[in-house]
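Okay, got some structures for you below.
What follows is a pair of complexes built around chain A, which joins chain B in one and chain C in the other.
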Partner chain A sequence: MSAPAERTGVIHDIGYRRYAGARMSSAGIAGSLLASGVLAVFGFGRSGKAKILPFVLLGMTMVPAVVMVGIMSFIGLDAGLLNYASYNAGSSFLVVLFVAAQAPVLFSRDLRSGVISLYLARPLGASAFALIRWASLVLAILAFVLTPLLVLFIGGLSAGASFTEELPRVAWALAGAVVLALLVATVAALVSSWTLRRGLAIAGTIMVLLVGLGVTVALKETLFFEGMDTAAHWVSLLSPFALVDAVTAVLGGTDAQITSAPESVATGWLLVSTALALMAVGLLLLIRRYRSKGA
Partner chain B sequence: MNLTIMRLALRAIVGGWRGVILLALPVLLIGLAALLRAVTGEPVSATMVIVEVGLAMVVPLVALLAANGVLGPEIDDGSVVYLLSTPVSRYVVAASKFAVAAGSAALLSIGGLLGASLAGGLSDRWSVVAVVTGGGGAVLYCALFTALAAATRHGMIAGLIYVLVIEQLLGRFLGGFRFVSVRAVAERLGESAADVDLAVADMGLTYAVIASAVLLLVGVAAAGWRLTRFQLRGDE
Partner chain C sequence: MTVIQTRGLTKRYGSGAPPALADLTVDVADGVTGLVGANGAGKSTLIKLLLGLLAPTSGSGSVLGHDITAGGEAIRRAVGYMPEHDCLPPDMRCIDFVVHMGRVSGLPAAAARERAADVLRHVGLAEERYRLMGGYSTGMKQRAKLAQALVHDPQLVLLDEPTNGLDPAARDDMLALVQRIGHDFGIPVLVTSHLLGELERVSDHVIVLDAGRLLRSEETQAFLADTGVVLVEVIGAADAQQRMGEALAARGLVSRPRGSLIEIDPVTLPDDADGEAATRAHDQLRDVVRDTAADLGVGLVRVQAQTGRLEDVFREEVPA
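Let's look at the complex of A and B:
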């Protein structure tokens, strides 16, 4: 048996290096995940086609605002035309369409393809990941809902409306929009993280939000007609849009657009807090979903 | 028509979450009618339940889910090539899938509307509306949505935009859109069959009949034509 041939192989140093730069903290990771989530909803970081739908929908919600401001400045009608609160109710189905179409981008794709386990292998845990995804959907919906309101407000001011008169009215509408975004995002996140298929998630969100709104309106009108007002107010919890409409009407004194609003302020606060409690339950379910899928 | 394709399509519709959502819609409608009747103790308002929730939302959504269920997921994940590589005419593929989607959507729509009008204590004429407008509308919607699902990967969104923007938003302000509205055509058919007032804008019955026939033929043919030119593409 001959001696082993003399080793001739060499390990070449071809210059690979370890990453020695600054590493982001958990907060940094969370921040960039949040930002990329918000941008992905509007199609940034995705193909050009993915940008069409969100921006077309955004354009469509702006049309009434632009028209109203135009009428104000050219025909010179008074500021009573600026009805911010009705905007939330009036553009409800565009919001639903936007959320239904874009929520699967954040919640279905990585869960379905299994990429989620790569995300969760990073220092950020499942709960944080789920909450950040939810927060980016909330921010995106806020951008979608607030833009026309701000156009209306600023346009109205430049057309001669009084700042001090308009401010409380627009503030209530903005507060309503924030609650709306929180609730709608929770519903859409839950539906799309459970159904996983894009088409199905869209249908599920539409069913819960839009058919839910139709059912709520029918129920509320009938209950009011029968004189069961308390029951009618609580039915608002079935639909975020009906809830926000009723609550901003009673607390902020705006005109109720969907059905009549409760009269006691206490009921209004009770409704909001119940809705937010339900939202917290929804978030717990969302976190559980990510825990079980990502493990 | 190809029985194997139809069997597979049926399984795609009823399986999993899609079946749950599909079934939930008509059940929700019946439950709403029953609840409203229990609260008031009188027959429910047909406009509120049958028209505003049933015909405006449940029927198009059921049709959209069914039509996208038979074609959408396969095109989405690319497994449609295995189906298209079989020596079956693409038009037969499209027609078989459409038949299953239309059949199940019509069944669920009729069931939901009929159940709601019975549970709500409405007159028999509304049962006729349930069958004619609900069933006919579901079949017509399916023809349109099958074509859309074959034409684009975003068939679901395209269908929703059609229903929400063209039919409901623009249709409310611009009366001319009634001529391209499946719902208006289906309601016109139901109105003349059941002798009820569905508040459809004036549209000749002849137009409604011809438009439905054209939509059926063109929808299925377009889906088949689109499948003959099918190209595999990556995600987005």
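Let's look at the complex of A and C:
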């Protein structure tokens, strides 16, 4: 009889093991949900082909920045070419496509596939969940709109632009990008949490953001033509792109790309605060939507 | 140990509507507890109240010692929930999804990965865990749903219709798994079903709901106890069953044919009869059956005690 010690490679069925280790606080859970949300927008943690669209769009939005930096380095044009603030207005079509295609990943998918009932049965409540999802989209949009700006800035510096001259200009553009991300994320979140089908959500978001921009420009031009300038400035609230463009122009002294900017700084600040107030209302609606799903 | 306790729990959707759950007072202990009721009996409403997702209209309750109105978050940290309907994102791999749900439940990253692999092995999704869940069969989806309910090592699991849509073999597997969770894993289970036969097999305790009201809450054994009715089968000439019935009636027993069997009602005992008298009556009834068959010259094939079935609860207490 062989001794039991000679036997190797025994498989033990260790059965069910309890978990006695540390557990995260609510803040920790929120952090991990936020991170996984941002990654999901770029297709991580999802199927392979989910990564194609966000990265193709990100690549496309970088092209003008890379080209400009290239022109500066090789032909030696001056730094006046670097117009940060107008970059997002110029690439608004790509931003809209990115947001429209990726917001349903965070909003429609949970509500449509029923995963929401699993999330709501976890420690975080409906309100926290809705806000974290929204914050994930804001961060993802920021990553999308800030990357080309940073390429432009850093590339411009290495091509000989002056840091002290460029810094205030890029800072205003960055602030504008943050406001843009907040507003666009709210619009896209609302649209895609109400239209549960992905296709509808995409079409709806494009419709609201792009057609909204077109309507805003047309309305503003008409009102300027009619001489109703105050009304024209308030119409900017209909489109996040027009708003950010107008506001950074009046407050930061950048070149307005879409239509002419208001002249009074007070109007600029008033426009920003009104837009942020509207955003808060949008978030309340979003929370209500998630609460009603949980009950 | 009591894991769930409700006192007069009532939920109305809208003030004029009939209550979805009315004045429910019930205790749930360790092991597997079955929650039975027709569609719309209030099972899912009860689960949502227990998770703190709905506020009760009146009454109170506690889960694992946490109050259901004030301690929702603490409850949801400690409880695993498997909903009835589809709840899996089709474009995620099962392993990623279960890890993610573990993290959302409060597990650190490394622990979530380790436990997800462990739990998927227990539910029998070891090989398929790297596939996207959109391509899963119903059986695999149910297993994945169960895995996400177990990943954070809950102290109680609420399973809403885990056998829904499964074929008989998969149903047996799922029920065996439910029983393992309750007994081998040591996690108390509250499992709902509208199929009584299933719960008869796996649960230690059964709660029966009907139209939002508690019909019965008892040990499963109590439902399945000897009813005192005796079933007899005889063979012989063509009219053997009828002659046997008549002969039994002549000896003062109440009987009726049921298919090829004869159903004999138990002898009513006086109110002050003790256990010993009951046993004596039980034996005497069988003696009488044996003697009658011998006298008639018919073959006695079967003398069987009829045990109760969960369905009888509805027969007895719900007037048609």
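Just so we're on the same page, the second predicted complex is superposed on the first by the 281 of 295 C-alpha atoms of A that agree within 3 Å, B and C clash if a C-alpha of one lies under 4 Å from a C-alpha of the other, contacts with A are read in each partner's own complex, and residues count from 1 in each chain.
Criterion: a residue touches a chain if its C-beta (ideal position, glycine included) is under 8 Å from a C-beta of that chain, and two chains touch if they have at least 3 such contacts.
Nothing here was measured: the structure is a model prediction, and the numbers come from that model.
Chemist: Between chain B and chain C, whom does A:V215 touch in the aligned arrangement: first, second, both, or neither?
Modeler: Touch partner of A:V215: chain B, not chain C.
Chemist: Quick check for you: in the superposed arrangement, does A:A101 touch first (chain B), second (chain C), both or neither?
Modeler: The first partner, chain B, only.
Chemist: Touching A:R288 in the superposition: chain B (first), chain C (second), both, neither?
Modeler: neither
Chemist: Just chain B (first), just chain C (second), both, or neither: which does A:G28 touch?
Modeler: second
Chemist: Is A:S47 contacted by the first partner chain B, the second partner chain C, both or neither?
Modeler: In the superposition, A:S47 touches chain B and chain C alike.
Chemist: With the touch criterion stated at the top, can you tell me which chain A residues are shared between the chain B interface and the chain C interface?
Modeler: Residues common to the chain A contacts of chain C and of chain B are 46-47, 50, listed in rising order.
Chemist: If you look only at chain A, which of its residues touch chain B in the complex?
Modeler: 46-47, 49-50, 53, 60, 93, 97, 100-101, 194-195, 197-200, 202-204, 206-207, 210-211, 214-215, 218-219, 221-223, 225-226, 228
Chemist: What residues of chain A sit close enough to touch chain C in their complex?
Modeler: 15-19, 21-26, 28-29, 32-33, 36, 45-47, 50, 109-110, 113-115, 117-125, 294-295
Chemist: Taking the complex as given, what residues does chain B use to touch chain A?
Modeler: Where chain B meets chain A, its residues are 17-18, 21, 24-25, 28, 32, 35-36, 39-40, 44-45, 48-49, 52-53, 56-58, 61, 64-65, 68-69, 72-73, 76, 154-157, 160-161, 164-165, 168-169, 236.
Chemist: Which of the residues in chain C come into contact with chain A in the complex?
Modeler: 48, 51, 53-54, 72-73, 76-77, 79, 81, 83, 85-92, 96, 100-101, 103-109, 111, 115, 118, 122, 132, 148, 152-153, 184-186
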